[in-house]
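Think of it as A, B, C and D in the order they're written, each chain with its own count starting at 1.
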Amino acid sequence: MSHNTYGHLFRVTTWGESHGPAIGGVVDGVPPRIDLNEADIQPWLDKRRPGQSRFTTQRQEPDTVEIQSGVFEGQTTGTPISLLIQNQDARSKDYGDIKDKYRPGHADYTYDAKYGIRDYRGGGRQSARETAVRVAAGAIARKILGSDIRIRGALVQVGSDSVDRGNWDWDESDRNAFFCPDPVAAARWTELLDKVRKGGSSVGAIIEVVASGVPVGWGAPLYGKLDADLAAAMMSINAVKGVEIGAGFGAAALSGNENADEMRMENGHPTFTSNHAGGVLGGIATGQDVVVRFAVKPTSSILSSRDTITRTGEETEIATKGRHDPCVGIRAVPVGEAMMACVLADHLMRHRAQADER
Amino acid sequence: MSHNTYGHLFRVTTWGESHGPAIGGVVDGVPPRIDLNEADIQPWLDKRRPGQSRFTTQRQEPDTVEIQSGVFEGQTTGTPISLLIQNQDARSKDYGDIKDKYRPGHADYTYDAKYGIRDYRGGGRQSARETAVRVAAGAIARKILGSDIRIRGALVQVGSDSVDRGNWDWDESDRNAFFCPDPVAAARWTELLDKVRKGGSSVGAIIEVVASGVPVGWGAPLYGKLDADLAAAMMSINAVKGVEIGAGFGAAALSGNENADEMRMENGHPTFTSNHAGGVLGGIATGQDVVVRFAVKPTSSILSSRDTITRTGEETEIATKGRHDPCVGIRAVPVGEAMMACVLADHLMRHRAQADER
Amino acid sequence: MSHNTYGHLFRVTTWGESHGPAIGGVVDGVPPRIDLNEADIQPWLDKRRPGQSRFTTQRQEPDTVEIQSGVFEGQTTGTPISLLIQNQDARSKDYGDIKDKYRPGHADYTYDAKYGIRDYRGGGRQSARETAVRVAAGAIARKILGSDIRIRGALVQVGSDSVDRGNWDWDESDRNAFFCPDPVAAARWTELLDKVRKGGSSVGAIIEVVASGVPVGWGAPLYGKLDADLAAAMMSINAVKGVEIGAGFGAAALSGNENADEMRMENGHPTFTSNHAGGVLGGIATGQDVVVRFAVKPTSSILSSRDTITRTGEETEIATKGRHDPCVGIRAVPVGEAMMACVLADHLMRHRAQADER
Amino acid sequence: MSHNTYGHLFRVTTWGESHGPAIGGVVDGVPPRIDLNEADIQPWLDKRRPGQSRFTTQRQEPDTVEIQSGVFEGQTTGTPISLLIQNQDARSKDYGDIKDKYRPGHADYTYDAKYGIRDYRGGGRQSARETAVRVAAGAIARKILGSDIRIRGALVQVGSDSVDRGNWDWDESDRNAFFCPDPVAAARWTELLDKVRKGGSSVGAIIEVVASGVPVGWGAPLYGKLDADLAAAMMSINAVKGVEIGAGFGAAALSGNENADEMRMENGHPTFTSNHAGGVLGGIATGQDVVVRFAVKPTSSILSSRDTITRTGEETEIATKGRHDPCVGIRAVPVGEAMMACVLADHLMRHRAQADER
């Protein structure tokens, strides 16, 4: 895998900086004769788009996607699909201050140390703006997967406040600004995030993404494991610090009796009586829901003044003005869904290549 | 990445089944003129070797490694290094029962569903025995990294019992059967695991691996992130269900003020006043300790009888006899260290290739 | 390697069809802090650009390149460089006839058989128009290689008429429409190609590309051989049917005494008394000129009527009108140079990664 | 692709030196439930095995292959197949002379310059002995391809003496020591090679490999072209200096009318009236025979004394004693067949992954 490319057979290469003329990507390996046009992609971009509530950055970007190749008369041709999204509301002057100061929690220092140069405007390539291209690629991946596979994401924790799983309602997650499946938690979060936002601070979150309908057998031992690929995919999203599958870190506290999911037959098909595995055993899908959770750190751009240093090694302070999300975890929900879709589309083809000739 | 290969420039390909004649691997991309012989690798294999205490499987394997190529007169030649470990104590007859029954929590069902065939003896390719090859490869990776980079792992939680970080002593982790850095916890775990073992059950664990001395700049945006590669590497280890970096899942509950590590100058060098980032920002090493934790589920092979089905779809029960670890998390410590070493060796070369011509 | 991507560390992904809105590509892995702007790329595109003489297609394309990312204030940042070239003079109506008929010698039939769909306008993705992006990528590769490595290409045979190597003058190759280093041959070819062009036919050619200054040691055994990578790179150019290195096919007729290049010392440095090897031994550069030749078949689009079939399996005839090169080999010269540059830039970094820490 | 690995989905990694304890390889990605045992592989190794006539090296190696993993009860399991071949007749003392002198035409100088160290015994990793592993992998590839695809190779030129295609008889190629399909040429070559052998010199050759039954559609634009992959595969064989497809270099001298293969319908199926394309158009198989030729240089190890230098830069002479093939091109025939099989098996799976869901 190259540094700005992910996937093996369903391959996505992205490019672009926060304040450059545009961002985009190339999706290669898409099977031919799939119905595809911009209208299939735009709704997912709209879901991630900033400025839709007071809880996300106020940068105004229509995020209109343009397909530049690989589609002819409304169908994929099997050749690479180039996707373009223009940047419209870049205000580079907001970033003059960070030209010479490293923002704590951001990758300013590490990019500079690695490359000796960086496009500091809006964070340049480090910006979460790049995730729009992932969402567009994810929309194409969903078309490959078809309607039998359903991928849904939800915010399940903001700060230390978790949803009550007894209240879980997927439809609810489309009705509030947080993609929260628990209306009671959503109400609490409104209050919490207003307070955070007004205080000029930020807060972390946990996202859960669930894929239903994934056929048993997808995935591969040992270094192409479905869960290992999902872990890398989620960890590659900006600000993510942890990933878990099924029972996840909680599995450490379980006994073998509690953890191992028992099997029964149901209508002539193998089934499990629980899903601590999160739908993956030995790196291969079990046919149950594939369940991934990932943790997003609090937005590093905050109004409070923080200790830092300059490029030339002087101690100083910085308070980030610009426009930022009080909780970047919210917009990470559609991004996590997209990464799940991309990983699954890749594994669909990888499985078909080796093991599906029956 | 191919399914049984990991790494980009430092590339490891493994092969072999639990009860086949041998297991082994090929390590490609190793720089030339590094002093290397079997004695550099054996100590790490010995650390992972089974049968060293009553808390690990009683299978007796010397795990003696043989270098078959790529080394001449005690130095690496730059050509592929083939590593061979003979299997000696395979008792395949213990596994007659699982030929037709799927063990809950194991990958028996998924391998069979994917391939329509499997070597069921000792779990075949699914067996954690394969991790011996990772440890051998990790030993070579350590030689590439040199002595300035130090990689150490520890068991930090067994079941729901965590170490007290106030008691942390790396030296202690070499003195007990659990790689536990807290002698007080180690004493508790002896009791706990004896109880688990005698009860025929098993328990999960959490491992922490720390790499010190990693230079600022290693890693790469956006799909070659150091933390994303670490997440995939750890998640590819048998039984791992979660991976986190630095503050990890705990970051969700932090505010932006608490989480973002501030910077100061120390003896003319940039430094941080905390390490919530776990040594990685934007996928690139900060120069601080790289800190990874991963969760291992309880061993799925337990003595209690469990509901399951047969290959032909009949409901039945199974109790796994064989020889097993009451807590596979213990022997995952040297495996996690090895994966850290392999990922870092790969990134050393990836960084040198693109960005180190200064 | 993915299907529309080449290179390992210097990686180029291309997209676009002959009559789509644009063509382009993403160049990933470029080292940081290299001076780069459009003016570094444009001259090479101009060299390949159609419509510059009566011996190439009359399609008028300015082939103006736009850098969309990866460059900041005139320097590369180490992040992916997106390149865009607008299509301007697409006349899709010329191609109505090939919508349903397969043109002999073209990939119409094979694309249709593979994908069940194709963008037939101007050949779609099969069009040699894609090679413009290779030339742009090659210009970036040249910047990485620096001025000590010089890459030059020449047309050495048109039809069955070869240059006289006694007349070889590199400067001459910039003065005629054929990139021909022999002015006497160039004069003959003017006459030959006028005849071919007026007759509505076409003719093949052989191109030679020479890289001087390549350091001894670049390349790698056994499946990353410099010559194997060059062979794939040249064979991937449209219409290429053969590739050879150094003595090439002629080596078959040599004796061991004639073929093996002897070595001497010259000014304290190892040197060779001949270069039958073409600068590569065992897949690794010798420090001599790297010499590659490749054969281009005659343009398949000709005015004469030819037997073919339709998509629905009816026998028919076709004569290709459109606008075409009487000898596509001419414009393959800058494309071959670009592929040489890309392969070398990749090997520079691959070598540095593994073997250049001395 | 890593340096010692080839293929994308059908992936082969090889290791080992000429005079090490063994050579071997790992074949990954093989579909499950294919009947496979050593007897399927051994005949192909026997075909390549040295010492079978006076025209190949007299080194005596049984080249007995051992399958170490990936096969259970006579069937592939979908997991990696490790192949081992012991070295038996290594006489390292023959090579004391080359420890410090570079043999002209060999890779002694380039390996040393690249790595600063090399296993000089028998050429170490540069030795054509490694090609035995390719042949073993090719045998597995043939099993994947099945009996509908037939791959055959022949020696078509020795020195400057070519076969008469009018005499071509595939069965004949199994009856003589040269894999020559023309009995008249075979008789001439016996005389020619006896003379070369007695004179202590060597001679080059050209090999043709033909694959029949390859389905239309395999292959992929633009950097996964079937012919580009074949070019790299053949060029990666020791001593190969040129590769061509179909009309190859001869295509340069053809007119468009002569070269483009016309199409007709035959029994309801598309067919071509000629095969200048060599079975590949636009990188995709046409359904015709895939025809590849490659040129092998004369063996560089010859008895005549040649000018060379030492590692320390002193001018000297060398005459290679050891045991060598007077024409390495002969044993390159089964190696070329194996590489064709490997490339096709890889493309079978690559095609199935993306385009075969119909």
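Of note:
Following the convention adopted for this analysis, a contact is a pair of C-beta atoms (placed from the backbone, for glycine too) under 8 Å apart; a residue touches a chain by one contact, two chains touch by 3 or more.
Since the structure is predicted, the reported quantities are computational estimates derived from the model, not experimental observations.
Between the contact lists of chain A and chain C, the overlap consists of B, D. Relative to the C-alpha centre of chain B, the farthest chain centre belongs to C.
When the interfaces A-D and A-B are ranked by how many C-beta pairs touch across them, A-B comes first. With centres set at the average Cα position, the gap from chain A to chain B is 26 Å. Between the CA-based centres of chain B and chain D the separation comes to 39 Å, rounded to the whole angstrom.
The geometric centre of chain A is 46 Å away from that of chain D, both derived from CA atoms. Residue positions 2-5, 9, 14, 29, 32, 78-79, 114-116, 125, 221, 350, 355 of chain C each touch two or more of the other chains. Residues 9, 29-32, 78-79, 221, 349-350, 352-357 of chain A are the ones that touch chain D when the two sit in their complex.
By the touch rule above, chain C contacts chain D in their complex via residues 1-6, 8, 14, 102-107, 109-111, 113-116, 125-126, 130, 157-160, 196, 201-206, 216-225, 227-236, 238, 241-265, 268, 270, 273, 276-278, 281-287, 295-302, 304, 306-309, 313-315, 329, 350-351, 355, 358. By the touch criterion stated above, chain C contacts chain A in their complex at residues 2-5, 9, 11, 13-17, 20-24, 26, 28-29, 32-33, 68-70, 72, 75-82, 114-119, 124-125.
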